[in-house]
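Shared chain: chain A. Partners: chain B in the first complex, chain C in the second.
Moving on to the complex of A and B:
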């Protein structure tokens, strides 16, 4: 046993040891019967519940619609955040006027907009896209605005002295220099997108992982609920991991800025 | 007032200096009392190598920035080929002390930046860039990022980038080797000497290093401490091609003695070390 552990790298060890240990402990505590097993099911039951939902077909269709909502909302929110952030970061006029307007809305928690969104846009897909887009917009906008407005003036001078005009300055210098900031904003945006998704689905949807959590609560299938939480955790981690992978591929230099 | 026209009309055969700084005064906003540079005048002939030598904070960089077009003159004029300089442009590129390479571009991407801005074809840009990358001895490093390079390599990229902007007749160098260790600096100075002797560019070179100024320049302009004025102009008549060995020659030592005395006066002024002044 010990030579086996010694062979593993510390990174692998960090994954391979605590997770099984945690699951084992959970299984034992749940089975000992200290607490109602229906309200605190062991992980083995959650796994069986997941398989059950997979067989029913709800798991895949729920996951699919949720991922679709997150992806569309994330893309729209990022696009809006990057374009408007470039405008407010680059132009003093828009930075003051439009920037201040956005700052008025930014401190209002996204979740507080759920009811208003339903009243304005109903229970359809648009409501979900809107809420996620709204949530993703702010961190992406703020980071883009900061990144664009803080481009070191020495880069601008170097580029101008090499003959860059205003347009090339933006595309060749200002936007690339701000990309690490923008990427950091988008990464926060991914987490926000999932929060908005679940809130939107729990309050007014007929499918999706958030909706399924609500349903399992109503029918006391806590094992299914935990199964969905695990799926959400995995989806979130995969999205973040994929984003980081793409960032490292597309901006191999980001670590030197 | 267009000097070129004036000279043509007169029919004179006067040689117009490549760079002409006339009574330049620069006062930065929010600092009305002390100008960074005051009533500063000098000329650099085409193909010349002029060094601005002064203590730190004497306004050396301000003069480079004014010639580069980054900073407008408060009073006076900065002319290139007789025409007032209106803003930054590829006819005068700058080599910065901290290199200012674009970290998101590879070595090749950095060096071909100038040619690309002038609208050359993709192929031409790459060929020009490769030529200068080779010239500064960085062949094989084309696809590295600046973050992967040492300081000496980074500044060689900075030099290649400036040279690749081929309309450039003038290279403005703002303490370009100031961040390098002494050994690397010596090699860089030799590389620059060779490039200057081969390519006939006009160079304005700011430094606070006395040896560097004498080894490289044809003419040294010694500046007073704040505000920067011309203290004295010293010719460096040493023969070319020069090499690092020349720093042991009698001529060199004599010039160095003179320059050191002048610089020391200015340094003492700002440092207020009265005990040393009395001696």
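Moving on to the complex of A and C:
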């Protein structure tokens, strides 16, 4: 065992060791019996619970519906954030009028809107899309607004002196220059979308990962809950990774690692 | 680099040690005291909580030297969370959430059933959504609060009419959210306790129908405490029960005033309450029938996948603290 470890480079050790070590310690602490194993199950039990949910078919269907909700909400929220952010970032009038209205709503946590959303839009899919869209909108709007308003004036003057009209100025100079900001806002938006998803699915849902977390909480199936949290973490990481990959393709001059 | 790895490993080990130390510190026993006087009570809004409302309003617990801070919750299941989480010293909880306490080996104890009845749970449905008889519920969106008497009753109701949970689309909702969801047409029916059924029916009038279910499910509504209270403060439990005995005597002898107090708490008129209260038995007891019911519910929970398939039905007797009630009224306790 030791010679095998010695052969590994420090970098590989740094990659390979932490997660297995963490899982091993967790397994030991859980099995020693200091905590109630039903409430603090070892990772091996969470894995078995995941397999159980896979066999039941609930895991895949819940993951599918949740990803669908996140994708639609994220696209709608990003579209609204970029559109309104461009407007408020370019126009002083809209920056003041719309900007102060948005700033008024921005600090209110999404969870505070759940009851109101159910009253306004009912328990259907629309209320879930709305909550995710609402949550994604703010970071995307803020970054778009900042990015658009910080485009260097020399770029604008140069483009104008070369005869660019308003449309070309916006699509070929302003938005490309602000893209790194917008992309950063959208990346935050992905994480926010998953938070809003769970909030949206915890009430009035009959499927989805958030719904399943709530159900497992009510019946104290913590092993299943941990399994679902792991799935959520993996989905979040995959979404983020896919976004970074796409962004790097789109902005090769401004790569993220 | 290797140094950094060791630092990383050390941090992980330290975090785990801290977790273990916290657990051990939490486990350390505090100095016992003969009686705990300041108590937090977790109450579920239902007509079944009537003895608690009366004991508070008439100062019966104050007479026992107890100072009660009351916290309201949407369901007994959430009262149980407060009790298990150390945020409440006693609370009102039906038997269904306690089934999961037993299945997961947690520590909370029933000290008395304070109300019971077989007509509290109802299914209310939208006639204009095509539901006029129980069988019409097939394929419809039906709300219940998962893991509580609400869901177990729905399960019994469906079984009674030759259906299973897979025949409906179950929506998990808190009781207070159900009437609005039915009124807005987001769901086709819901199964829960009063006053929520009555409130929805009052708004929907002819558009709604209450599907008959009397006699299907006799719910024992209980007072639950954390195990620690029984171990350290047995006298306090007797005081809690004495306050409830006075409350139940008051309900029997001062019906009108009692209904007025309950009316303020649950938001139903005294006339409506009079009708509902006829089906409720307010009497402190600890019956073997509750254990039989809990064992049946545990089987349902395992079948429904709420407990691991290999889970064993625990001895639910261990979730009852009988000493206090036995000392006050031995005849009220049939659990050995």
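By our rule, the second predicted complex is superposed on the first by the 240 of 257 C-alpha atoms of A that agree within 3 Å, B and C clash if a C-alpha of one lies under 4 Å from a C-alpha of the other, contacts with A are read in each partner's own complex, and residues count from 1 in each chain.
Everything that follows uses one rule, which is that a residue touches a chain if its C-beta (ideal position, glycine included) is under 8 Å from a C-beta of that chain, and two chains touch if they have at least 3 such contacts.
The structure presented is a predicted model; accordingly, all values stated were derived computationally and were not measured.
Enquirer: Between chain B (first) and chain C (second), which does A:154 come into contact with in this model arrangement: first, second, both, or neither?
Expert: The answer is first: A:154 touches chain B but not chain C.
Enquirer: Could you say whether A:36 touches chain B, chain C, both of them, or neither, answering first, second, both or neither?
Expert: second
Enquirer: Have a look at where A:255 lands relative to chain B and chain C in the superposition and call it first, second, both or neither.
Expert: Only chain B; A:255 stays clear of chain C.
Enquirer: Given the touch rule stated above, what does A:220 touch, chain B (first), chain C (second), both, or neither?
Expert: After superposing on A, A:220 lies in contact with chain C but is clear of chain B.
Enquirer: Is it chain B or chain C that touches the larger share of residues in chain A?
Expert: Between chain B and chain C, C touches the greater number of residues in chain A.
Enquirer: Examine A:179 and indicate which partner it touches, taking first as chain B and second as chain C; both and neither are also allowed.
Expert: In the superposition, A:179 touches chain B alone.
Enquirer: Using the superposition on chain A described above, determine whether A:206 touches chain B (first), chain C (second), both, or neither.
Expert: After superposition on chain A, A:206 lies in contact with chain C alone.
Enquirer: Name the residues of chain A shared by its contacts with chain B and its contacts with chain C.
Expert: On chain A, the chain B and chain C contacts do not overlap at all.
Enquirer: What residues of chain A sit close enough to touch chain B in their complex?
Expert: Answer in residue numbers: 154-155, 157-165, 168, 172-173, 176-177, 179, 251-253, 255-257.
Enquirer: Report the residues of chain B in contact with chain A in the complex, numbered from low to high.
Expert: Against chain A, the touching part of chain B is residues 68-70, 87-90, 92-94, 96, 98, 100, 102-105, 113-114, 117-118, 145-148, 161, 165, 167.
Enquirer: Flag every residue of chain A that touches chain C in the complex, lowest number first.
Expert: For this pair, the touching residues of chain A are 10-11, 13-14, 17-18, 21-22, 25-26, 29, 34-39, 49, 52, 56, 115, 118-119, 122-124, 203-206, 211, 214-215, 218-221, 223.
Enquirer: Which residues of chain C touch chain A in the complex?
Expert: For this pair, the touching residues of chain C are 1-2, 4-5, 8-9, 12-13, 16, 19-20, 23-24, 77, 100-101, 103-106, 141, 145-148, 169-174, 177, 180-181, 184-187, 301, 305-309.
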